[in-house]
Amino acid sequence: MQLGMIGLGRMGANLVRRLMRAGHECVVFDVAPEAIAALAAEGAVPASSLAELVDKLEGPRNLWVMVPAGYVQGTVDQLAELLAPDDAIIDGGNSYYRDDLTRAAQLRPRGIHYVDVGTSGGVWGLDRGYCLMIGGEDAVVERLDPIWRTIAPGAGDAEPTPGRTAGGTAQEGYLHCGPNGAGHFVKMVHNGVEYGMMAAVAEGLSIIKNADVGLRSQEIDAETTPLRNPEHYQYEIDVAEVAEVWRRGSVVGSWLVDLTAAALAADPDLSTFGGRVSDSGEGRWTVVAAVEEGVPANVIQASLNARFSSRDLNDFQDKVQSAMRSQFGGHHEKPADVPASPS
Amino acid sequence: MQLGMIGLGRMGANLVRRLMRAGHECVVFDVAPEAIAALAAEGAVPASSLAELVDKLEGPRNLWVMVPAGYVQGTVDQLAELLAPDDAIIDGGNSYYRDDLTRAAQLRPRGIHYVDVGTSGGVWGLDRGYCLMIGGEDAVVERLDPIWRTIAPGAGDAEPTPGRTAGGTAQEGYLHCGPNGAGHFVKMVHNGVEYGMMAAVAEGLSIIKNADVGLRSQEIDAETTPLRNPEHYQYEIDVAEVAEVWRRGSVVGSWLVDLTAAALAADPDLSTFGGRVSDSGEGRWTVVAAVEEGVPANVIQASLNARFSSRDLNDFQDKVQSAMRSQFGGHHEKPADVPASPS
Amino acid sequence: MQLGMIGLGRMGANLVRRLMRAGHECVVFDVAPEAIAALAAEGAVPASSLAELVDKLEGPRNLWVMVPAGYVQGTVDQLAELLAPDDAIIDGGNSYYRDDLTRAAQLRPRGIHYVDVGTSGGVWGLDRGYCLMIGGEDAVVERLDPIWRTIAPGAGDAEPTPGRTAGGTAQEGYLHCGPNGAGHFVKMVHNGVEYGMMAAVAEGLSIIKNADVGLRSQEIDAETTPLRNPEHYQYEIDVAEVAEVWRRGSVVGSWLVDLTAAALAADPDLSTFGGRVSDSGEGRWTVVAAVEEGVPANVIQASLNARFSSRDLNDFQDKVQSAMRSQFGGHHEKPADVPASPS
Amino acid sequence: MQLGMIGLGRMGANLVRRLMRAGHECVVFDVAPEAIAALAAEGAVPASSLAELVDKLEGPRNLWVMVPAGYVQGTVDQLAELLAPDDAIIDGGNSYYRDDLTRAAQLRPRGIHYVDVGTSGGVWGLDRGYCLMIGGEDAVVERLDPIWRTIAPGAGDAEPTPGRTAGGTAQEGYLHCGPNGAGHFVKMVHNGVEYGMMAAVAEGLSIIKNADVGLRSQEIDAETTPLRNPEHYQYEIDVAEVAEVWRRGSVVGSWLVDLTAAALAADPDLSTFGGRVSDSGEGRWTVVAAVEEGVPANVIQASLNARFSSRDLNDFQDKVQSAMRSQFGGHHEKPADVPASPS
């Protein structure tokens, strides 16, 4: 089937490739002409403007918008002027689901459909397929089924869920989650869960890495807690091997552990990383949703905060604590260049 | 090769079965005669006492102890009297790694080896294989390699880790982690990571389940925070389908999500569960290790605390808070039978 | 000076009393005529409608609104129609600071001032004074100084802060924090800090209360972690006495500990409380602010979540965890009427 | 009454001074002769060795040990050889309560009493008095009542707890908490509560400090979450003034807020602090106790972890997270010298 793709960055380009491999026709546009040319060379139909893109699509048109979050609204605004009733705009990026509600309401009077799709899979999706979480009206989501089916992983290697009789598309890796915003809502929470899982693995490996703390000499002073039983912490364990062994047969087996094993295989000390962990919106929004719903979410919140602290956003509060300690106990800070204990 | 198995509960019996399938000879003992008889019927050599078990094994003997944690020490004590130098006791249960250190030291003067093995895989291990995390002296761990190799999953379906050149056994699902205690240490932390991952998934699905909070009527009183934007929480999302769709192509794909999907397929509301989540030691010990090492582990700690709260161990502290609120604000509690908001 | 008070609940009525004691003239209105009559009997000027209230005040008028959060906007809307340029509306309730921004912008074209005041002190403020956190334009906040000064505690018993040379009003217990919304912003965070402090005290007393866990018999089964060293938990400590002793000379000395001691003096087991801890908006908004600012706030967030869990809002996620444990380990939940361990 | 003091550091010396002011006779010893001389000049009886100290005391002797934690055991061992039945050793430091149990058992066969005293009050205790949490046998704790009474703050300025009829000493600032170890147990938890309160205040002030985040220019890139509503974060609030205003009439009024106000009055940006917050044992032990008791203590645990993170003990786990992000998303870390967002 025919699809227009706006935005040919890594994700957009790979979606086009995956669709073309399955025989779909893709008309493509990007602000960078060379990105258009590259995909045209692979068989896509190039368009040098949004207007041309729209012209080259037969109605009812389906346009997938895959641009940075800051450009989605502008693109939707422009498309609103170009499109006809029953055309559909698919937002496949990481938009806030509340913006989906606004955009769908904006487009509704013109008869233009809006579909929000959370797309998970990262740089591996071209071959592995992308997990799709979809929000929108039934009819338009149904109409796009051939697109979803191609982009999604399909049943693949994963064994069927025992006892599952529900049928449906979830077992193919895509799901119509509900009305507008539901797709991005589920994707938002997916990323919150991802934050929590990542932090759990990272904490665990750090505890294993530091199982040698009893082997290290410790400063003895009033500002450092001495290790009570150093004989319990005499292990020098290879964390790369631990990540590898957890990949098979263990309860924590997961794609994130697979990736961790790969990263540690390439760089066992992770010395190429500084440890400044970005957060990209979904984790924050998940926490806000939990708070507004009244759902306790200590794990996801702690994992978001760990990212903040990794970027030193805890500096002022730490100074406040040092200042209090100085006041009540005359405690002087240990200088920053002499770590209180090894990391 | 020949192995003695002491303890024929679910785990012990399945280990024997998996070993026999691969041609190993298993001599088996349990306090329950019928458990011995059942495995004898499947081809195991029965022993009606520890002494008989020891007699029926050729030296150097290898005995796998798979008994409840409270019985390990007694079993080791009895075996110490029966075994000869160069024999080996393998503790495959969930012992605290500090006990491994004590037991190894107890057996060393007699020339008896002690090997600690963390065994992950649960009820699925018979077919799927068990992930093994092993601690002990090099020579004895090496000697037992045919046993490990059989019990472990092997490379199986999991793709090789890209860039991995290390060789070794981790890619077969078993790992010699270090000296005595290292196996149970890594297994302990594995379970801590498991707690964190489980909580992350559970929190996320709960946020999705409660995405309908704007559809529910809310009490308006001074003790309830009204939902500011009920229009943002109008989704009735099928969490069973969400768990299923996350199984393929998503970043959170994992065995735990597979299992969650299976549970939700069987019981979409989980109404067969009361939500009282036990903890079985490893999570607690992981937190203690993190604290003693000075590793911040908010996620794993929060997941342990969530289990405590699921069993109402937060009752007294909640009453303290209610009492304070009553004191400073004259706030009266809402009665327990009228939930402050729906769960 | 003259002040109109709208809303004569506990807080509004006590503010009027405290103002009248200092010689200010208060014109008062409430939807409940008996509330008006009661204060009129104490010397206030009664008004039977907002219009009459406005009539009875000389310009430029100052009107303090002290009504439940859900009625503030309606009251402001009505007043906007009745007031004249340079009149001022003071919102002394717990409004969300974002609403302050909207209301100030709504009133600005009419020349009406808006002042937001966070008021802390609870039921004790009549005698103790109220801590005031104020947002608004300089001139109008300055004009109301006699009101602030009367309501606030004044320097009182609290010793001057050593080294403080700043002067200003903070040392009298009121502070002009910044432009519109700043007062409620600071009050919001104040309540977040309050949540954290309350939870810290509650957790600590719970740890002390449970120092007797080694004296209690424990179930021995696979679902319960046995206490490794029961000899370490043999203390039956009187938590009421602990709260009392912490009131004097300790680092945790605070009004919240004072109140806890009072509550425990009256009801040592707190058996009159069910432990369902409400949250009233500010804690949630504080968490949202922390997330949007990128400030890690694990303590405040955990204290909010503890309130959610106290109201059983963790039920679904606990069931998800039980369901996973059942899947991978065949673990059966312990029945709810047999606590896993005592609280 | 007569007391021997061993250890004349800040705490020990001030205890001696406070005791002498009230007419008690103090015999003093320290490893530093000048410390002995200084107190002798103030009226104490000097002793140049432990043996001399013991000689100069009349039986039954009372010896207060106030030495660094690492020296307590050695001092107790020496004293055990020098003392007679019915003499008493008082450990006033921050010993782990489990060591109290061991030491009391060690001394019991000799008839020597052991008393553990948690002493709170820091550098202010000389004038303010010290809050005392005491563990030991009834008779010996009773015998030392004149000492406790003098060191403790007494009822002082703090108002009586409303409704309190219990009598007893807690209202004077000292409490016999229970048998050996109970004093240090309660002091340990006191410090855990202190950690939590400190973190709550620090987080809150940090949220207020960052209320200006909407005024700062933000990088727009895929690794930074843009602030959705910068108009909500336009406040430049003086945190020193906020701390000051919270001292009077607010719910968070506390000694820790008093101290914070003092620190901010002296150094409004806290630029003299690096923010490396030490932890000194009690916080860690409190967390271990909570875990072993099964008490959820997210707030206290998070406050301990914040201290770990303030000392960069989170580095490895942050690198693990960055490595995962690089693997699944091709995300490159932002360089450490370009903060992801301002602190």
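Every chain is named by a letter (A, B, C and D) in the order it is written, and numbering of its residues begins at 1.
Just so we're on the same page, contacts are C-beta pairs under 8 Å (C-beta built on N, C-alpha and C of every residue); 3 or more make two chains touch, one makes a residue touch a chain.
If you want to know which protein each chain is, UniProt gives these names: A, B, C, D = 6-phosphogluconate dehydrogenase (Decarboxylating).
Treat the numbers as computed from the prediction; the structure is a model and nothing was measured.
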Interface numbering overlap (same over half, different under half) for chain B and chain C: same
Chain pair showing more contacts of the two, A-D and A-C: A-D
Rounded Å distance, chain A centre to chain B centre (Cα mean): 28
Centre distance in Å when chain A and chain D are each reduced to the mean of their C-alpha atoms: 42
Chain A-chain C separation of Cα centroids, rounded to whole Å: 37
Where chain C touches two or more other chains, by residue: 122, 199, 201, 203, 206, 210, 225, 228, 251, 255-256, 262, 284, 292, 294-298, 302, 305-306, 309, 311, 313-314, 317, 328, 341
Arrangement of touching chains [line / ring / star / complete / other]: complete
Chain C residues touching chain D - in the complex, by the definition given at the top: 97-98, 101, 120-122, 125, 128-133, 152-159, 161-166, 168-175, 177-179, 181-182, 185-186, 189-197, 199-201, 203-204, 206-208, 210-211, 213, 225, 227-229, 231-238, 240-242, 244-258, 261-262, 265-266, 286, 289-290, 292-300, 302-303, 305-306, 341
Complex contacts: residues of chain C adjacent to chain A: 251, 284, 287-288, 291-292, 294-298, 301-302, 304-306, 308-309, 311, 313-314, 317, 328
Contacting residues of chain A [partner chain D, same complex]: 10, 68-70, 96, 122-124, 198-199, 201-203, 205-206, 209-210, 220, 222-226, 228, 255-256, 259-260, 262-264, 267, 270, 273-281, 284, 298, 302, 306-307, 309-331, 333-336, 339-341, 343
